[in-house]
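Presented sequentially are two complexes of chain A, the first with chain B as partner and the second with chain C.
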Partner chain A sequence: MTLIAPTRPDSPPLKQQNNRRQQTLTAIAIGGIFLLAIIVSPWILGDSGLGTMLPERNQPPSWGHPFGTDWLGRDMLRRSLHGLSLSLRVGLLAASVSALIGTGLGLVAGTVGGWVDAVIIWVIDVFFSLPHLVLLILIAFAVGGGTKGVIIAVALTHWTSLARVIRAEALQVSSADYVQLSRRLGKPSLWIARHHMVPHIVPQLLVGLILLFPHAILHEAALSFIGIGLSPHLPAIGIILAESMRHLSTGYWWLGVMPGLLLLLSVKAFDWLGENVRSLLDPKTSQG
Partner chain B sequence: MLKGNHLWFRYGNQQPWIVKNRSLIVAPGEVLGLMAPSGYGKTTLGKLLAGYLSPTKGTVTIEGQLLPTKGYCPVQLVFQNPELSVNPRWRIRQILREGYSPDPAYLQALGVHSGWLNRYPHELSGGELQRIAIARVLNPSTQYLIADEMTAMLDANTQALIWQSVLSFVAKQQIGLVVISHEASLLQKLCDRTLRLADSPSLSRDSILKRKIPTI
Partner chain C sequence: MDMRVKPLLLFIVIFAAQKLLRLGLLLMAVAVFTFVLLSFSPIDPVKAYIGADMMQISPEQQVLIAERWGLDQPIGERFLDWLGQLVQGNLGTSLVFNQPVSEVIASRFQASLQMLAIAWLFSGLLGLALGITAGALQGRWPDRLIRFYAYTLASAPTFWVALLLLIIFAVSFKIAPVCCAAPPGVLSQNVTFWQRLHHLLLPAAALSIIGIANITLHTRQKLIDVLHSDYVLFARAQGESLWNIVRYHGFRNILLPAITLQFASLSELFGGSVLVEQVFAYPGLGEATVQAALRSDIPLLVGIVFFSALFVYTGNTLADLAYPVIDPRIRLGDSLT
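Here is the complex of A and B:
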C-alpha cells in the first residue's frame, strides 16, 4: 500500500505575491534610484534649457515644459532639478558630518559614563532648549554665511537626537544580561564591543543618518530662502522658492508649487528609504 | 569547593541589605537546592556566586582561590529569562558557540534541532531558547553551575528533559550544581540537600535539610 499526499487543486500558484522582504528591497531600490537620479541629473541634462528664452516666458505647465517657464523663459523642471541636486549634496554632506558627531558623542556618553556623560547630556539639553532655526541662523551668520555657513550650521545642530539614541542603545546593550554573560564566558571588552555593540549601533546610525537628510535639506532650503544660505546666483531649491514668492501674487503659481512638490517628494523618499532600511536591518522584520 | 563566606550585598551605601551574612558551600558533584519565597535575595546570591555582582562584604572562593575576573569563569549562571540572555541580533549558531563549541551529544540530549541554528532568537520559543542557553555553558570549563529558576516557565515535559540532561552532565563532569527555586517538589526530586533562606539570614547547619537524590 502506498500513501499519496493529496494535492490541493486550489493551491495558490507560487510567486503570486512577493513576500515582505522583496517588497522592502524593492522600496529601497526605488527610493535610492529616485534620489540618485535627482543628484546626478545636472550632469545628464547639462546646461540646456537654462538660457534666457524671452519669447517663451511665463508659460504654465505643458508637455513641453512640465514645470512651466519663469519670467526669463527658463525651463523650471531643469532649474528645479539643478537646484535640488545642489541642495541634496549640501544636505548629504551636512547630515553625514552631523551623524558622525552624534555617533561619537553618543558612544562616549554611553560607554564612559560618569561626568563625561553628564556634560554631553547637558550640551544636548542646551541644544534642544534653543529654537532650532534661531540656532541655525546664528551659527550660519557667525561663520560668515554662504555654502560653508549652511554646512557648518546644519552639521552642528542636527547631531543631538542621534547622539541620544546611540547613547541609549549603548547603555542598554552594555547592561544587558547577554553582555554580562559574555564577560563571564571570558570575552574581552573589545570583542564584546565588536560583536555585541556594533550590530546594535550600526543600524541605528544608518537609519539615523538617512532620516537626518530630509531635516538637513529642509533647513538648508530654509536658510537659503531667508537669504543667509547659499548665494543667490546658485540655483539651490531654497533660492528658487524665494524667487517664486515675488511672482505668486501675479498668478504664476507653478514657479513655487512645482519645485516645492519636487522637494516634498524627495524628502518623503528619504523618509521611506529610512523606514525600509530599518525594517531590513532588524531581524524581527527582515525575515518576513 | 565553591564557597561563599559571609556574603553581604547592597546596591548603595544608603540602600537596605539584600543579602545578609549568607554562607554556603557546594562540593563538586553535589546538587544543592536554594529555596526561599520571592524577595529573599535568591537571585542576588546566585549572581554573587557567579561573579556577576561583587559582594559588599565577604568572599566567593573556588578551591580557596578568589573567583577569577578575567577569562572563562568556572562558575556559570543560567538565567530565568532566556530571551534576555541571548543577543537578539545574533543567530542561534553564533550564540551556542560564544564560549565553546558545544558537544553534539549534549545538543541532542537537550533536543536542540539543527534547523534552529540558522534562526534568530525571536523565532524560537522560550523553552527552546532556554535549552540553547543551557547548552552554551555545558562544557568542560564549567565547574559549577547555578540554575536560577532555570525551568520555572517551562512545561513538565521540557523540565524533565532539561533536568535529565543537566544531571547527567553534572554526574559525568563532577560539577557542583546550585538549583535556585521556590518549588519544593522540584528541589526534593533533584537535590542532595536543600537550603531554606527563609529560616534564618545565616545558613546555619540546622537549616540544612538532608535529602537523597532519587533517580529521575
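Here is the complex of A and C:
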C-alpha cells in the first residue's frame, strides 16, 4: 500500500546522529541571531531614514527601500525594525514575568497540594473560561492602558498553560520511586528539590518560556493594533499596522503587508527556536 | 420503555443542574475578579462618566454623583450592591451608546452572530477536510503543503491576515466592500439579504482562515494515530482501500476530538472577531468591546466580559452534549442503566 508511513530509523548510524545534533544547534544559532539582530537593530541603524523626506513619499518597495516608504517618505524597513524591536522587548519582558508567575504557581500547586492546589487549578480554569483577548483588554484597561497596561495584561494572562505543565511535572516527579526513596533515606527537601526537581523542570521552563514569546508578542501587537496598548508616539509594530489601515484604500499595500510579514517571520523564528531547543533538551529526541 | 426513559430524564436533570451550578460559580468568580480589578484601577469612574464635560461640572456635583453611585461606601457593601443589581439582570447603561448594556450586547451580538457562525462552520469543515487529507497522505507533498500552511497561519497575527484579505479582495480586485455591515447611505431596514452577506463574507473568511490551523493539525495527528492501529492494519490486510479505511475506521474516531476542539475554539473565535471587526469596521460585538475599552465605558465592558464568559461556557457545554451523539460508548444515561 502507498499508505505505509515512512518508518523512523530506530538506530541511525553514528555519523548521522552528530549531524542531527549539529543541525539542531545550527538552527538554534540562526534563529537566535535573527531575533537578536531585530532587537538590537535600532541601536545599529540609529535614526537615519526616519526623518520626513517628502520627495520620496509613498514609494513602492525597491532596492533602495525594500519595504517602500510611507506617506512622509520614511523608510518602512527601518520603521518596521524599530517597531518590531520595541514590540519584541515588551513581549519578552511580559512573557518572562508570566513564566515566573507560571513556574511559581505551578511548583506550589504541584508540591503543596491540597486546597492550595485546588485554588490554583480553579483560578486557571476561570482564566480559560474568558476569551484571551477580552481578558487582555479588560486588564490593560483596568490598569490604565499604555505600555504598563500591555506588559501587565500580557504578563498576567499567559502563565496558565505553563503553570499546568510545571504542576504536572512536579506532581509526577514528587511521586516517582526514586524521589520517594530519597525521602526515606532522609534527604532534606531542599536537596531533593535541587537534585531531583530542578533537572526536570528547568528544560520544561526554558522551552515553555521560548514558546510563550510568540503568543506574548502577537498579543502585544494585537492590543497596540486596536489602540489600547502602546501610545501612538511609540511606533510599535501594532501601531504601524494600525496606521497603515488609513492608507490601504489608496493602494499603498506595502505599508500593511511588509511590516506584518516581518512580524510573522519573527514569530515563526521564536516557534522554530522553541521547537529546536525542545528537541535538544528532551532526552527522547536529543540523541536521535 | 418506561424503565429506560426515567433514568434518562433523571440524568438530564442532574446534568443540567450540575452545568448551571458550575456556570453560577464561574460567573461569580468572573464578577469578583472584574470588581477587584476595576476597583483597584486608577480610572476614576466619575471622571470616566463625565468625560469631556469635566470643566462644566463643579467638584460638589462630582461628589454628589459619587454619592449617588454609592462610591463613598466601603468596598464590601459596594460589591454586594453591584452583585444584587447584576442578579436582577441590570447590567447598567452604556455610556458610549446611551442604551442599556443588555440591549447593546443583544443588538451587537446579532450582527456578529452570522459572521461567527459562518466562520465557525467553515473553519470546522475545511479544517477537518484538510486534516484528513494531510493525515491520510502523511509525508507526501499535500501533507507538507497543508502542514506548512497550518503552521504559518498558527503564527500569523489575526489582524494582519484580515488586512491582507482586505488589500487583495477589497482594494485590488474590488469584489468585496472595504468596510461596515451595509452599503453607506442605506437605511438599516432597506439592506437586502445579499448586501448583508456580501459585507459579511470577507470578515467571516478572515476568521475561518485563522481558525483552520488548530483543527487541521489535531485531526491530522489523530488520523495518523488511527492509521497506525491494529484494526487498520487488519483492514488493510483484507484489501480495504485507503478511502474506505478513512471513511469507516478513521472518521468517527477523529470526529470527536475535532468537535471538542471546534467548540472549545469559540473562545479564540470571539477574540479573533474583536480584531477582525476592527479591521473591517464591522459594527459587531467585537467592535463594541474596543469602543468600550477605548472610551472608558465600564458598564459595557463588564457586560461584554460576562457575555463572553457565557459564550465560551455554552460552547464547552455543547461539546459535552455532542459526545454521546457521536460516540455510542458514552451514550447519555448508559452509566445509570
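In this section, the second predicted complex is superposed on the first by the 266 of 288 C-alpha atoms of A that agree within 3 Å, B and C clash if a C-alpha of one lies under 4 Å from a C-alpha of the other, contacts with A are read in each partner's own complex, and residues count from 1 in each chain.
Methods note: contacts are C-beta pairs under 8 Å (C-beta built on N, C-alpha and C of every residue); 3 or more make two chains touch, one makes a residue touch a chain.
Nothing here was measured: the structure is a model prediction, and the numbers come from that model.
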First, second, both or neither for A:G144, with chain B first and chain C second: second
Partner chain(s) touched by A:A222 [first = chain B, second = chain C, both, neither]: second
First, second, both or neither for A:P283, with chain B first and chain C second: first
Touch count on chain A, higher of chain B and chain C: C
Touched partner set for A:A176, first chain B, second chain C, both or neither: first
Chain C residues within the chain A interface of the complex: 26, 29-30, 33-34, 37-38, 40-43, 136, 138-139, 151-152, 154-160, 163-164, 166-167, 170-172, 178, 224, 227-228, 236, 242, 245, 267-268, 270-272, 274-275, 278-279, 289-290, 293-294, 296, 301, 304-305, 308-309, 311-313
Interfacial residue positions of chain A with respect to chain C in the complex: 1-3, 5-6, 122, 126, 128-135, 137-144, 214, 218, 221-222, 225-228, 241, 244-245, 248-249, 251, 253, 256-257, 260, 263-264, 267-268, 271
Complex contact set, residues of chain A against chain B: 176-178, 180-182, 184-187, 196, 199-200, 283-284, 287
Residues of chain B defined as touching chain A within the complex: 50-52, 70-73, 76-77, 79, 81, 84-90, 98-99, 120, 122-123, 136
